[in-house]
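Letters A, B and C name the chains as they come in the text, with residue numbers starting at 1 for each one.
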Amino acid sequence: MTRVSPGALRLLALVLVLLLVGAFFASQIENYLNARLFNRISSSVAIVALIACAQTLVILTRNIDLSLGAVVGFTAYGTGALVTAVPDLHPALLALAALGIGAGFGLVNGLLVAYAGVPSIIVTLATMAIFRSALVEFSDAQSITTDSLPDWLVAFPNLQLFAIGGVQFRAAFVAAVVIVIFVHLALTRLRPARALYAVGSNPEAAEMAGIDVRRTVLAAFVAAGALAGLAGLFFLARFGNITVVAGLGFELKSIAAAVLGGVNIFGGAGTVVGALIGAILVDLIENSLVRWDLVSEFWREAVLGLLILSAVTGDALLMRRLQRLRIRRDKAAAPVPKEATP
Amino acid sequence: MAAPVLALRDVSKSFGATRALSGMTLELWPGEVHAVVGENGAGKSTMIKIMTGVHAPSTGGVEVDGRPVTLSGPREARAKGVSAIYQEPMVFPDLDVAENIFISATDLGLVQRRGLLRERARELIARIGMSLDPDRVASGLTLAEQQAVEIARALSQDVRVLIMDEPTASLSAHEAGELRRIARGLAAEGVAVVYISHRLEEIFEVAHRVTVIRDGSHISTRPIAEVTPERMIAEMVGREVGNYFRKDESHATPEVLLSVRGLGVEDAFEGVSFDIHRGEVLCLAGLIGARRTDVALSLFGIRPATAGRVLWKGQEVRIGSPRAAMALGIAYVSEDRRKLGLALPLSIRSNVTLATLGKVLTRWGLMRERAERAVTQGYRERLNIRMADADTPVGKLSGGNQQKVMLAKWLETNPQLLIFDEPTRGIDVGAKAEVHDLIRQFVRQGGAALVISSDLPEVLALGDRILVMREGRQMGVIPHEAATQEGVMRLATGQDRDAA
Amino acid sequence: MIRTLGLAALLAGGATMALAQAKTLTPGQEVDMVLLPKFLGILVFDQAHEGAQEAHAELQNPGELLFQGPTPENSVAGQIEIMTTAGTQGVGAVMLSNNAGDQIVPAAQAAQQAGTKVVTWDSPIPNGQGEDIFIAQVDFEETGRVMADMAHEIMGGEGQFAVLSASPDAANQNAWIASLEEVLGADEKYANLELVETVYGNDQSEESYNRALALVDSHPDLKLIMAPTTVGIQAAAKAMQDEGLCEQVKVSGLGLPAEMASYTLNGCAPQFALWDFRDLGYLTYQVAYGLATGQLTGEEGETFVAGRMGEYTIEADPGREGAKRVLMGPFTVYTAENVEGAAN
């Protein structure tokens, strides 16, 4: 009997919700389903997917990172300033710098959470403001502008790798998907990555099992920071013009995407592929809403919240239904359990 | 064998002003099952924590193979071959069996090879004589299976000393037997097994030697053949225990308080029928999986019945919520003190008045602290709750005292029917007797009690009648006079069925 | 060549000049000043700060000039807090670019009662309460006309266009959009320009970028996106360029030459306009200094000399009943011809 794993089941439910949302908007908005929509969403998902992936790593360990948006903003600015100062910098070095800056911020968060024992929501709430203020200070109110960036960087997000009809697969999107898959493989295939799940699943047991819980949490924050740093570089490449508000609000978007993607907010369960689909869903809803005449500007945020809420609820209900079906089927298929004899 | 594999030498441990262990000495030799018994609060947990490196001794030392060592934490203890499994297993609910077993393995390479993992998991599980699918997710495992996973995990790390802390407290009789067999098997392989249990009868079945501790001190260590249960209990409590196994006469009156006919909850149990009289104790016996707790949950309105009729004092009622149950006068003292029973971080007095806040409120909706204290003090005396003061968080009390606080909470609702779910699980002999006394006192004063217990001596000691269930079905009702452990077990295991 | 469109300002100045003698401010009086931008880290506010510093030095004020602003994620609450603190510390004047709408009023009124002058610049307090005077960078009506003219020229006099604004509660943006609509309705010249939608990008690159693309998708015949915000215009221009839409949809509005130069040169944003924020900061400081030292009364019709910028007159604010303003003007419209010079 082929058995669908719970993880696959969750992704299936999510894809169903995604299709439902798409179908709903297709019925509401003229000229909606076309290649252009894919191009639009894929381009902006490239950034959100990375931070959703970062947030997932942290949430898996029963923590949360509210400073990711500030890290994206700072890295976007920092790498922008760097490449402005050193225009001939090798792309790989620039990417390395982005990872490094982000990982540095993650290290601060991780040390405070794991070793000082301060709850992550407090730590990152504070560092969100601190990192952002540091950016204000560092930037000296100057913006990074597109023309100071090297051409390869500006061209990167929209570089068309291949196309199927009008559906374009652009470099940033493809790169983000590749990174997400890479992280996914690492999480599922690398043995040390299991520690993330173990720590989030049962911290006490992890300690007892001899896992270094603090180092695991630290690693999660550092990795999340590095991914957010990379997202910052993507942000720089895409928008070119970087002010101190860059990446504002991304922390909440990343949480929404991760939770929609089936990452358990209480830690221990979830996949980054789920978070990727969650990011697509958030973006789809957002992009569709701004094209929907029925919803006025002032209600858009509320409707967005409502739709995310109903998507999460719908997903949870669907999940429960599918699970019950599976249990029924298992029961029907399984032999009657043998009763113990004393 | 020149030296014990693990030894405590004159170990003392203090927490602030409290002395948890004083001058404890214990030697563990390869190949033995070494039982450690003592009342709750005797220092067993502290001793385990020192052996597993969670705590460092205040004075004295730990030796491995005769050499003094400092254990910095569970990780180092594991590296030296010392592992522990607990009453509540430490598994990762989101990971599968194989991953759980090898979570901290270091010799399996960086990349996870499913095939290898699965195969080695199977080997280990087979080694302890169980069969478990390595791909199953741990959250779906029974307690016994989770413990098996933990034992397999310890084995995967070349365990030399395995500490089992109350491993059978939550297991059915059959499962407990399996576990004892595993313990003996591991000892036969040369592992030193420390076996901690409140079930004296199983200690006689499993242990080679037994150590009694009391008030943080070592009392005795003897080969099992030289010990009797009476002597062991006397040493544990330091006094004669009166009526633990004695059943006093029934106080049942002819008045039927609750009557249940053909009660059922979908996917849980069906066809349960019984009467409870005022002054009566009805025990629900059965193995784990008999769905006895589901009966209690449905009578308390947490999982309302989907079939059958419930009559309260002759009136047909529907119990759709705990609120409805409480309004009738039904209270439920749950099995899981942590999850359903107590708010552990809250103070004792807040817990006592949790279900009856209305009574200690002023007209303006404010708490009357003095009233709350008075109520708490009353129960402290009546139930003999040992506590520093009423503001201590409940989480700091011993299991027996927690149980009493929970009982106080429900007695405060002035119930007529008290449902007890495993009221004495994990609490020591002395406290057990006290809880039994309280239940008897309650029914003597005109209440009725429904007691779910997996402890057969307890069932026989308490029950005026014993209802036995098996896999969601009522197997029969035995009056106290006709009840024997064997008779109950035969029904519970389905070898026999009551003619009635 | 720079095309200036400051007729209204010149007319207003000339009309009142005859009525009163222009006051000259006496330098050297000590008074502490606070310059409070919407939030820190935005170039134009820093430019205004430079202008204020210039005036501060010129007027030889021995007191302090503090540049205090909230962080971006805390703009509204931060502004209210700084305003409150300034009042209790008894500074002479707070120069505010308001981002808190009418929510700032109680704090501003409290500051006024403590003797602090509240001078707004860039963005006023919508209901005019708690404010002594507003230094208007340009006439709001003028802004509408400048935008209408740029749209008219870029679109060849006909077609659909949309507005990409900052936030729905930014007072200055809303006033500009209102005046744009008014100008469009009033003048036959613009009869064939159709404003199809107004959307908000909240002055964030990402949001503005996505909103610009959404506009293009929702309105297939769109010819122009008008963004009266420096963040929005840049994001919109980048979006059109990235998606290869510059031939089809042009971008215009209010922008910074340094940020817009490349888009103006490649034709994505052929024209845009702005005023000089250094001058705005300079003028604001002059007025605030005059009020705080008691040299200016702040009454309508009062005329004064604002250092290097010449004479200005306090007048009623036509957009807000009961409020007073000083109108700076003029606009500079940037095209491919002058943008490079201004960018450096």
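Points worth noting:
Everything below uses one rule, namely that contacts are C-beta pairs under 8 Å (C-beta built on N, C-alpha and C of every residue); 3 or more make two chains touch, one makes a residue touch a chain.
From a predicted model like this one, the values you see are computed outputs, not experimental measurements.
Nearest to the overall CA centre, using the mean of each chain's CA atoms, is chain A.
Summarising the inter-chain contacts, the pair of chains with the most C-beta pairs in contact is A-C. The most distant chain from chain C, with centres taken as the mean of CA atoms, is B.
Inter-chain spacing, taken between the CA centroids of chain B and chain C, is 72 Å.
Computed from the mean C-alpha positions, the centre of chain A lies at a distance of 43 Å from the centre of chain B. We define each chain's centre as the mean of its Cα atoms; on that basis chain A and chain C are separated by 37 Å. Those residues of chain C lying in contact with chain A across their complex are 39-43, 45-46, 71-74, 168, 198-200, 203-206, 209-211, 213-214, 217-218, 220, 231, 234-235, 238, 242-243, 258-259, 261-262.
Taken together, the chain A residues at the contact with chain B in this complex read 6, 188-192, 194-195, 197-198, 200-202, 204-212, 264, 268-269, 339-342. Within the complex, the chain B residues that touch chain A are 52, 73-75, 78-79, 84, 90-95, 99, 102-105, 108-112, 137, 153, 172-175, 177, 287, 470-471, 489, 493-495. Of all residues in chain A, only 31, 36-37, 39-40, 44, 47, 128-129, 132-133, 135-136, 139-143, 145-147, 157-158, 235, 238-249, 286-287, 290-291, 293, 297-298 touch chain C in the complex they form.
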